[in-house]
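Letters A, B, C, D and E mark the chains in the order given here, with residues in each chain numbered from 1 onward.
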Amino acid sequence: MAETAKYWGVLFMALAAFLVPTSLIFLSHIFSKIRIRPKPDSEKNVSRGAPYESGMTPVGTARVKFNFRFYLFALLFLIFDVEVLFIFPWAARFLHLGFEAYVAMLPFLMLVLIGFLYEWKKEALEWK
Amino acid sequence: MRIFGLGAIKGLVVTLKYLFRPPFTTQYPENKLDISPRFRGNNFVWYEERCTGCSSCAKACPLGIIRIVTHPESHQQVGNDYKIDVFEIDTGRCMFCALCVEACPYDALHMGGDFEKADYVREDLVITTDQLREGTKKPQTQFRPQLEDIGYQGEEELDEHEAGRWSL
Amino acid sequence: MQMLLFNMVVLILVTPILLLIYANKEPLIQYTSQDVFNGINFFIGLFILISFLLFVTTMLTYVERRLVARMQNRIGPNRVGPFGVLQGFADLIKLITKEDLIPTLANRNIFSLAPILIMSPVLLMFAVIPILPGFTIADLDIGIFYVVAITSLGSLGVFAAGWASNSKYSLYGAVRGVAQLVSYEVPLVLSICTIVLLSGSLNLIEIAEAQEIPFILVQPVAFLIILFSVAAELNRTPFDINEADSEIVAGFHTEYSGTKFALIYGTEYLAAFGWSLVIAILFFGHLGPGIGGFLMLMAKTSIILFLFFWFRGTWPRVRIDQILAIAWKIMFPLATINIIITAGEILFVQSIFNINPGNALGLQPLAIITIINIILFAGLLVILSFVKGLGQFDKGPKRYVPDIEGVN
Amino acid sequence: MSQGNESMNESEKNIGGTESVLLNLGPQHPSTHGVFRLRTLLDGEEVVDVEPILGYLHRGSSKLAEERSYTQIITLTDRLDYLAGMSNNLAYISALEKLTDVEPPERARYLRVIMVELMRIASHLMGIGFLINDLGAWITPLMHMFREREKILDLFEMVCGARITFSYMRLGGVSHDLPEGFEKSIAEFLDDFEKKIEEYENLLLGNEIILSRMVGVAPLAGERAINCSITGPNLRASGVDWDLRKQDPYEIYDQLDFSVPLGENGDNWDRMVVRIEEMKESVHILRQCMDKLPQGPYRADTDFFVRPPEGEAYGMVEAPKGELGFYLVSDGSIAPYRMGIRSPSFINLTVLRELCVGWKLADIIVNFGTLDINVGEVDR
Amino acid sequence: MTLELSRQYVVSLLTKHFEDVIDLDTEKHLYIKAENLHDVCLIFKDEPEFKMDMLRYLDCVDYIDHFELRYALLSLSNNQSLTFKVRLWGRDDPEVASVVDVWEGANLQEREIYDLMGIGFINHPNMKRIFLWEGFPGHPLRKDFL
């Protein structure tokens, strides 16, 4: 059995997964065109389409230069996720590889941990 | 020493226990809570025979929502007695404080125990004279200690002789 | 509890249909590329699977409401249908027929695309999950890796939804969501690696079959890390900051209504179901054969789902900086050290039991690893009890001794 | 210092290259406990400035009181802090009794204290419940507390016929004596409630998440609290032993044995725990009251339309939220010339900005919750 | 019990520090001159005999020809209280010194009085309406409003 053949299944699943929400949205769009009652006056109201801000008219736009402290965390994620990627194939074959693989991986994991501790020490993980 | 996580698990145990206990809430339209005999519902019980039209209730009302129109003509009640043409209570604005009931010197006005009197139109919330005359006479014991003394629980109808402190 | 049982019963109802079609058929994994086009059965199976998933989603909204209501001493929805079971469908109908409202200043295309972006990955995740033994859309050899990869796409949708809404609350929800989803990806994947280490495979079915002892006993730390990481991925309490209703109203989907909201809302439950299935497969032992296996799997899934509902019914929410601190300062190092220790243990048992490289670990080796790990886990709990700075956990409730005489 | 417009304008521009966000929390917000607006200036997740904006629920009680007779005003006081109507009644009546020199009979004093302490339990239950709800627990603790409050409201309904708007106190006494079977009901409730408090403590006090969210967050020093006129549990959480029931006893509190729970740091945790401890003390007080309850009249003979002599009086009680005072000026007519209300919720808001600035967006909600504001009383 | 400081006692102590601050000394109330209000408040707060560390309540009454501000002070450390009044004449923008820098608790209370009674407090950090919106005509608690 060809391994690639299985991915046809994934492809069709992907199509289906895309079609289900799309069709639902499309369906409701169609429904929204059917008008039983005439257009009420409230639909002409400007504040109807305004974004929610606890009942007040929003001050300024929401597209601001946001103080993105999370940016650091996103960067950290990039770094460590790539490293995790290296671990996956090793882990999958570990039962076959034995002691040498362990010795080979240990420095790598240690490096990751040391790098992590360094970042902790540098207060990259602190909020401030 | 507190074991880490134990406090959170204690909370989980509390909620788990409640999973097996019967719910506290009552399904409203099917089951109703027992109301106490003093409960101030949103209707009124009025005994025309006891009422002299003295307007004490209207004076005591903080909102002035009791409307009384009388003309001098004697009927059975003793004292300065008027014939009552209109006796209306606008429950749309009423806050059911029972000050009118407290003020009534002849025990003619009582609180009722009804609490299912919603309506779509504000005008319909006004209890008219006819409605007061013909409505069910199940007074609550709010400010009527004599009713409590006879062990009345707000369940049966009372006529004007039973409801007041003094017989007519 | 009756609701849990009810959940089970509902799932059972669907099973015969699945079985009817697949009882005498060969599993789908044996189709070749040509077969896929010729085999109309595949599409029927796909259709049934997706209908089943949507059905479960709708039911889960009801089940959660009932369960949490009982925890709160309430009754919960009980009007639509017997015991209110049709509540989810009533909600669905109501939401679909609602007006499709898009804020004036929103980015219309992305606003409409975001629910699709949120839902599609979660549906795609079920392609590899063996709900029925032998029935998977695609029994991929990299199964668990595929699940991790596909579901991480969800954060894209969350951010798109929040950003396109052009509302400040949505913006906060989106930014929080991305930071949180991204942070919990790392310990989640690392902990999955430990499971992969033990089973020697990425295929979900093979992982399940490798569990002579359920991995929840073998790897309690990994289980807890995965459980809470998944809670964070699913935006469930105690990590539901990106839709924290008491702070930012509804987070990234504040502006959504109607069908789009239904999609986002349903996806939460769908994802919860999917991840619970994955956890059940990863940690709760063998997949049995036939209908019994399906029922067992659903029972295990129900336990995990119940845990999520239970947490939601009990615990409050953690603050944003604490969430990130938990992910990076506790879970990440724990998961990394766990990998090192597990790999060492595998080498250790391989040498004392003389297991040839490549052979699966048997019952006794796993038992030894289990004992070691449970001891280590107990030690970890004790150590954590002493650690300060994790939010000063050492300050418990105290009785105040009032001083009546002295003023101030 | 300032509740500041000018400070807000300065900081609105740029902070370290990023723009700050002006976010309105309220008036239509799930966790502002009513119609209340917090205009917050945020730098990312951190709070730069908070300005409470009030008045969405302002009903002008003071002005309304000027055209109502003294007895009719009682109905207005029910609606100030609608979670603690009995305390409001008592505060108003105590001012009125000082004005008219009417002495209530002994039994009335006991009945008042019983009602007020029940009300304190109910109000604290709501305070803690909504606080935990703001913390993010999916209304479970709130529902459990609603359940107990419901039982208290049943007791009130037995006594005075209403569940929220009691209008129970009268000049020189109370409007109703206890009904038959009340002693039994309250004893049952108190026995049950003590177990329920234990349950709440299991549910809330040990939880690591609540601890990490509340311990050390937004501390308020005792001196600062005094200077800001903070009263009630919030003041006691800061370690200041000031309870009107102890320091300036009214009604029969000097004959009762109870202690005043105190906090240490005045952080959110202390503010919550002090409330739980106060509920226990209230149970203790209620038991004593029910034991000591004397027989006799429950109401002095007073006019419905009372005309106090010219003068003024300030009467206050320790309401669940703090010192609630009524300031009555009489010109000898049937209506007060001026009625001022010292509402604790309103004055406790003074420190809100101080508590919130520098903490996270999520903490604003919690700080606001621990202050235990009731908007009906803030905007009176 | 909280001790209500007697009027004579307060007057005798005040005259040690100031010569002419008493506006009016009736049987019931003590009236302080408006221009000395801030200094007197500082004395009340700092002097050990008073040590009024809390502004308990600040209220205002409109007597048509004048306004009366009533300051109720409380000393938590000595468990004593004190009340004095300030009279403000005239109906158009009466003004008096703010005591926010003495007692922060006056902040919202003074704003409320400004909003509803129309009395300006000089040196208040944020003197604007609190309950009503900016531009609301009149001050509702005045006797001549409606």
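To be clear about the criterion, a contact is a pair of C-beta atoms (placed from the backbone, for glycine too) under 8 Å apart; a residue touches a chain by one contact, two chains touch by 3 or more.
Keep in mind it's a predicted model, so treat the numbers as computed, not measured.
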Just to be sure I understand the contacts, which chains border both chain D and chain B?
C
Note, CA centroid farthest from chain B's centroid sits on chain A
Between D-E and B-C, which chain pair is linked by the larger number of C-beta contacts?
D-E
In terms of CA centres, which chain lies closest to the overall middle?
D
Could you please state the distance in Å, as a whole number, between where the Cα atoms of chain B are centred and where those of chain C are centred?
54
At what distance in angstrom does the C-alpha mean of chain D lie from that of chain A?
45
Using CA atom averages as chain centres, what separation in Å is found between chain A and chain C?
15
Out of chain E, which residues touch more than one other chain, so two or more?
76, 79
If I count partner chains per residue in chain C, which residues reach a count of at least 2?
71-74, 168-169, 171, 176, 249, 313-315, 321, 393, 396, 407-408
Show the residues in chain B shared as contacts by 2 or more other chains, in ascending order.
2, 4-5, 7-8, 11, 14-15, 18, 24
Can you list the residues on chain B that touch chain D in the complex?
2, 4-8, 10-11, 13-15, 18, 24, 35-40, 60, 62, 95-99, 102-103, 111, 140, 142-143, 145, 148
Chain D residues touching chain C in their complex are 21, 23, 29-31, 45, 132-140, 143-144, 147, 201, 203, 205-213, 215-216, 222, 226, 240-242, 246-247, 259-263, 269, 273-274, 277, 360-363, 365
Along chain D, where are the residues that touch chain E in the complex?
1-5, 54-55, 58, 60, 62-63, 223-224, 226-230, 240, 242, 247-249, 311, 314, 323, 325, 327, 329, 337-338, 340, 342, 346-347, 349-350, 379
What does chain A use to touch chain D in their complex?
53-56, 58-60, 64-69
Chain E - residues contacting chain D, complex
1-2, 28, 53-57, 59-62, 70, 72, 76, 79, 83, 100, 103-109, 111-112, 116, 125-126, 128, 130-133, 140-141
